[in-house]
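What follows is a pair of complexes built around chain A, which joins chain B in one and chain C in the other.
Our next item is the complex of A and B:
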């Protein structure tokens, strides 16, 4: 536009300021949006799934979006978080608040192991190694059926009540369940935001932009990759814990590579490298799945086609594109 | 000559059966601007990569301020005080100009802190601005690096290398792909940089090198052909033979 009236300009600068304030408080803003989610979506079950996969994808985004490492094995950390939560509660009789930290620790430990092997490779080799190692975890879970329930999945660990500070919360009520699980999401969002704002958050972006230059600047790139792999696995494991508490079963499929692929699709739909994109991506994918599977059992064909369109025409995903298009949001994320 | 900052003894490098470098022994005094020249394939880049830790030598030893550098991983070189730029522009394209330099400054201090706010590291930001001022890019600090003009990207790369306050600055063809105007500006910048630190330059443009350097090394077929002041190099019969038939402007 050649001439812009001062009124328009000042309203633009106002919205720019407002947006800056909002992105400085992105954890809070995200939580408000998530708190409204169950009342915006057609079912509570869908909202819970968006919450859970949003957290998993957020953890994945730390590795893929911010560091530029394409892992095809993140189901391993999601699944490990879920299985360990179930095993700790059902087999070892631990309360949920002990099971969850244990499960996150297990997911983190597995991420250190897989990360230590995979981050020695680059590009497509990295993706293939993560895929192979995650499938290894899948087959271990399949074979160790006395421990994991094998093909039938892990059952028998229903959490129906959460006791918190003298408060007894009926966990079978879908609304209660959603808001209890949102506390886990809040933790994940806060940790993710701290990491992204930290000096280390700058290092991973530098590595994504130019690994060689980052090394020449004096960063130990391999060690940084291992650390971010570990953090990413840990956050995805939180999503696994949430899933186990929500479903009261852990399907074997949580560890399957299809789950890993779904995580990749969700982050690309929503927008890699954006803070809230993972939740948008999870919502988009799950809504598409819900809607399309109503009229055809081959919903994956339709979702796949939409995904291809996204990759070709909206490489920044829904949220990333929106932030690029809105005039007041440009240059901020 | 004063004490040697960097000392190379019998440096050699083989790639399979091919010998890229053989028996290079040379020392660099603090405060000098030295250029390395030679025809394509002479081993300039290999030598440069060895000096900056990108490659390790197959034979020979490298000492910086008396400390042996052999076996040191590349990312430790900058912590010793050796910083480099690349022949092909090597920046962080999607980051802002300021962040490009700030993240380089941060490498000298913190790598693994995942909890503090990086906005609180004010001093790093100031040092980045100082480096941007030194290369004349402070006016572009908020722009995305990939939108800079070619010459400005080269200057940005030098700011990235400079912000670690290196004692030895290695610059690989800083004027590559530049027009005459941009080259002029870059030469002025190099002269300013060389006033305060030791600079080692790989260049193709003979005329520029001879005008700028205090000392020139000529590599040919992986060996040191000549080593001396620009006027000696100009009249050296061996050098003239290697460059025979080539203009003085572009060697």
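Our next item is the complex of A and C:
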């Protein structure tokens, strides 16, 4: 009896130690999981989408989960990343490795602009203003059809091969495509982890927990919000670049409010405020969409209902709830 | 450019503003009282338009649709508050917002299932087809009716809030719900009624807009953004703000449409950004709330 209970206790502390090691190497763990993903999911296309939206939602989580700012306009940065990649390759004839940094820079610049206006407001205003400004970007893209393709979306910039250090990778092959795009995801994961581990990462969480106290501690809250808004937009723009390279078109809808809403849903399903939550949320949402749309075209009603249930009963999302429930995971994020 | 054309466009702007004001008012009243921003407001506007259309074809008269749709959709709003939103009071301010956002997904898809994804024409009531001579030009009767009706609704709302005992409770409840509870007012019932009123106003906006816009399941998205722009400019929770900002936005859109039609939708967002830079809390907003 006594032996058994110490055995249990030591196995618990062992799993706690293992969990701690895994949490400390969260980028590596994420990458291993992502590398296995195409072989676990029913289709490669689904895996690529999880990869892309995982990155976008991860960037969004920096703002919503860690800083506590509920933006409803992240489609603007995702879409700008995608559009600029397409425009730079298709219209300006740039190679992909020049187009991608340019697109990320454009997404970042837009995030500074929208962030400068929206972080002046607080609380619920912030959500409304980000939504409205993102819709502004949408309507601008709709009207500037000579540049963006308008309602038909942007077409004509297929990247079929990636030249890297003398290596030629066939980008039309879905497996190659997945692993090339995973390099972008790895970059995004590393940046995100570095931000969260930095003193700045602690400051943004302090702002979320108690804005007034953070201000009293001498932090320039407005400036921190603007910086985190910019970083968040930049990471979401990386997702946009990945999407453009993957689809070879940019649908106008990638700038739409629906896309912003989907990003919000994904982060909440997976678990805001956690490192693994965004990818889990993106995977959950996309698998749900995939499965439910097999038996009804009205999958949105099912996903909407599940989302409402999560808001009511599981506001911490799948990963956040698991962390609360699993004994060896308590007090770890 | 011809002066009479500008005056006619001004009237069009006021008609557009009338729908904006009534919709934004619903949003702002609910926020002022409950501290909840209803992200399903646009979807409920759309439901109002469909309900009006359906009831009008059922009863054979636009007027029954106009009367019943806001009442029924308002009652549905009360059900939403009672079953869902009520559970979230006391939690983070983001939670009701997220909940109503999820709800809008369900409502839009529900309408797609019942009425299909394509737009449906909303016929103008036969009594209001045609134009009126305003001296400077001809103006559609229906739009004139919309302006008049919204003016009447605003007057009734104002009298109710400022001159009745119920209005007194509502205003006091917005200031300090806890004191109202101590004084023996069942604030839960007041909140239920106010949420119903807010949703009813969205539905009224939907019915009125029906004959002026096309009725389709996605119509709520732009309306939600418009209502947000108006409430942000006016100041969230401010009724006067909603009226003034609604008129500003409506007139601005129609004036820009005259000179540069492709900029019409864009200009209201630019207006909002400009106001935010000068007054982050909106024109009539209280500083602490912004």
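As a working rule, the second predicted complex is superposed on the first by the 329 of 333 C-alpha atoms of A that agree within 3 Å, B and C clash if a C-alpha of one lies under 4 Å from a C-alpha of the other, contacts with A are read in each partner's own complex, and residues count from 1 in each chain.
The criterion applied here is as follows: a contact is a pair of C-beta atoms (placed from the backbone, for glycine too) under 8 Å apart; a residue touches a chain by one contact, two chains touch by 3 or more.
These figures come from a predicted structure and were not determined experimentally.
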Residue contacts on chain A - larger count, chain B or chain C: C
A:201 touches, of chain B and chain C: first, second, both or neither? first
First, second, both or neither for A:219, with chain B first and chain C second: first
First, second, both or neither for A:261, with chain B first and chain C second: second
First, second, both or neither for A:240, with chain B first and chain C second: neither
Touching partner for A:153 - first (chain B), second (chain C), both, neither: neither
Touched partner set for A:210, first chain B, second chain C, both or neither: first
First (chain B), second (chain C), both or neither touched by A:227: first
Chain B - residues contacting chain A, complex: 52, 54, 73-79, 83-84, 86, 90-95, 99, 102-104, 106-119, 121, 142, 160, 164
Footprint of chain B on chain A - complex, ascending: 194-195, 197-203, 205-206, 209-210, 212-221, 223-224, 227, 231, 331
Contact footprint of chain A on chain C as seen in their complex: 31, 37, 84, 87-88, 91, 93-95, 97-99, 101-106, 108-110, 112-113, 221-222, 224-225, 228-229, 231-232, 236, 262-263, 265-266, 269-270, 272-273, 276-277, 280, 289-290
Parts of chain A lying in touch with chain C, wherever the complex brings them together: 70, 72, 117, 120-125, 127-129, 131-133, 135-136, 139-140, 143, 256-258, 261, 264-265, 268, 298, 300-301, 303-305, 307-308, 311-312, 315
